[in-house]
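So, here come the structures, one by one.
One chain, subunit A, links the two complexes that follow: it is found with subunit B in the first and with subunit C in the second.
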Partner chain A sequence: MNIEINIAQDFSETPGARYKTDGDFSGQEFFEIILEPKFIEVQNTENTLLINLDNTDGYATSFLDEAFGGLARKYGRENILKKIDFISNEEPYLIKEIKTYMDEKRN
Partner chain B sequence: MKKEIKIYWLIPIIIISGIFGFLTNSFEFFNFKSEIDLVNLFTLVVTSSLGFYIASTLQNNIEVKKFEKELVYSTIKSLNNKTKNIEKYLSANSLKFNETIKTFKDISGLISELKEVNEFCLVVDNHSIKVLRSIYIEIKPLITGGRVDNNNLTLSSEHIKLSKSKLKKFKNRLIKIMIEVNRK
Partner chain C sequence: MNKKDKKKILQKIQIKRGLYTKKRRIRYLRIKHIERDKSYSDKYFQFLIKNSIVKKIPSVFSLRENTIETIKFINSLKELGNSNKRIYLNMKEVTIITNGTIALLLSVMNEFTAKGREIIGSKPKNSKAKKILELSGFFDYMDGDIEYPSETNSNTIVEQSNKNVEPQSTAKIVRSAMKTVTGVSQRNKKLQGLFIELMANSINHGFPGCKSKKWIVSTSHYEDDKYVSFSFIDNGVGILKTLNQKLGRKLATLFKGKHDLLQSAFKGEIGSRTGLPFRGKGLPFIQDKYDTNRISNLFILTNNVILDYKNNKFYEIRVPYSGTFYYFELNLNNKL
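Coming up: the complex of A and B.
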């Protein structure tokens, strides 16, 4: 079974920058309120976390790095990629971009 | 300046040519036979059909190519405009966070569109589009990876300088692609 996070619906259509101090809807806020709790929920189950990136105004590198790079830094890139899938029809290259931020060698 | 030939000039030319033809008995050079050579007639029909087919096929190919080129040009033009927009605000160090993120999303979408269109028309070398994408990947973190203050992207002078040089590289690649399309 998939548990879905639709960023535009569940968080914001205008995701912000890295830290809460940068303004509303930051990567840090998304990580703390939505991403990490949902990941923990699926971590030791058969479920997968499906993240829908469509229908927002776009993503700053700082947001993606703080949220997804942060998750990879905390739980390990391979563990994350086993449990998370992405949907990005509007900007297909975004998935590849996120995976580079998850790269452990980079962090 | 474009020269125009007035139609009434043709009337005396036709009359003079007619008189000249009569005076020199030129009309007698034409012989009309009352029989039709079927082989010649067949050759005439085949030749004219072939000529018509080649001309219409060539014309059709030219029109298809022209349409495909225009499609690629319009995508490149949009990419160029978006890039110029970022460059303008970057120079003034007044990039607004929300607008810039939206513009980057548009640019990424346009690069994907260019790639998809080119898969059908093959007017651009795929390597050129890959280079365009790789420059985009270099620019985006430079501009959107930093801090934000009251919806303003705060960039150091070093970041601005580097971003400008990458944007120039991106625009140069767009020009190269346009030249490439024009040569096809």
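Coming up: the complex of A and C.
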């Protein structure tokens, strides 16, 4: 079974920048209140987390890096990719971009 | 006719006379008031000028066409930061003025008005320059008297923020720009992403150790030509200063001058050229939007470096500018 996070509906149509201190709807805020809790929910189950990136006004790299890169840095890239799938019909390249953020280690 | 009737007739006449006199009096007062007001306002304006610090704006007030003089003027205006006197911007001799430069001027003025300083101004004699200034909405943002009222309505929207990245504000700017360019109010994800990067860069790197953080976006709509120009400004420390602090002097010498360092940062090459794990994605994201034709005519000024993508000119200037200024356009030739 899939548990879906629709960012535009469940979080904001106008995602912001990286940190909560940057302003509203940051990647950090998304990570803390939606992404990580939902990931924990599916982590030890048969379920998959389906993340719908469509219907927002657009993303900054810092938002995606903080949210998805942050998740990979905390739980490990392979563990994340086993449990997470993406929908991005409007900007298909975003999925590849997110995966590169998952590869990066923070200095 | 008895006494009662006589009294009634006299009363009627008096009332009529009274009304007539009242009307005349009002009309007289109105004309007098207008005349007095006009001369009073001229005299008053001259009085204001006499008691102000006079700053004469260069006749060619354009970052592209008269870079040094324009930056010198902006710097000299910034230097007035500690004075409490009113500032008079004399624009009478201005013949060329651009929206980007107007936004730049506005960003400095905002710092003054935020401190409660009054700024007054005169309009250019040159009709073209005057129209550009009026269309820019510049006079709407002046916190003081202006010599003459505007004859045209502004086509410019100015958004400014203290401290924060405001994706909702820029989403509105983007939709409105798309309406001017395509005729339909719609999203442009790349442009929105670009604005978030600009705001985040400004907030996170532009003002180290400073509580007062501010950015300004000025958007001018040209409906007939179906394009929109944007200026994004912060009066922080500038990108080069931030880069130098991160890299240190030794590593900064690996680059062939400041423009090379700045270009590398926008190309995302700092990591590969210095061997440092350099995480900055914001600046490469901005240049990518120009390289992939999402925006046109990108022009960046920060510290004493200019990156003029339209003319493919990247160079240092001898006058430093504290802060970062971006100019770009959205038109029908862009990938929308």
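Following the convention adopted for this analysis, the second predicted complex is superposed on the first by the 103 of 107 C-alpha atoms of A that agree within 3 Å, B and C clash if a C-alpha of one lies under 4 Å from a C-alpha of the other, contacts with A are read in each partner's own complex, and residues count from 1 in each chain.
Here is the rule we go by: contacts are C-beta pairs under 8 Å (C-beta built on N, C-alpha and C of every residue); 3 or more make two chains touch, one makes a residue touch a chain.
The structure displayed is predicted, hence computed values, not measured ones.
S.K.: Return the chain, subunit B or subunit C, that is in touch with more residues of subunit A.
M.R.: Larger number of subunit A residues touched: C.
S.K.: For A:Glu46 in the superposed arrangement: first (subunit B), second (subunit C), both or neither?
M.R.: neither
S.K.: Touching A:Glu13 in the superposition: subunit B (first), subunit C (second), both, neither?
M.R.: Second partner only.
S.K.: Contact-wise, after the overlay, does A:Tyr93 reach subunit B, subunit C, both or neither (first, second, both, neither)?
M.R.: first
S.K.: State whether A:Gly23 touches subunit B only (first), subunit C only (second), both chains, or neither.
M.R.: A:Gly23: touches subunit B and subunit C.
S.K.: Taking the stated contact definition, name every residue in subunit A that is touched by subunit B in one complex and by subunit C in the other, in rising order.
M.R.: 14, 16-19, 22-23, 57-62, 65, 90-91
S.K.: Report the residues of subunit B in contact with subunit A in the complex, numbered from low to high.
M.R.: Residues in contact with subunit A: 97-98, 101-102, 104-106, 108-109, 111-112, 133, 137, 140-141, 144-151.
S.K.: Can you tell me which positions in subunit A touch subunit B when the two form their complex?
M.R.: Residue positions touching the partner: 14, 16-19, 22-23, 57-62, 65, 90-94, 97.
S.K.: Could you list, by residue number, the parts of subunit A that touch subunit C in their complex?
M.R.: On the subunit A side, the touching residues are 12-19, 22-26, 56-63, 65, 90-91, 104-107.
S.K.: Can you check the complex and tell me which residues of subunit C touch subunit A?
M.R.: 163-168, 171, 174, 187-193, 196-197, 199-200, 203-204, 277, 279, 281-282, 285
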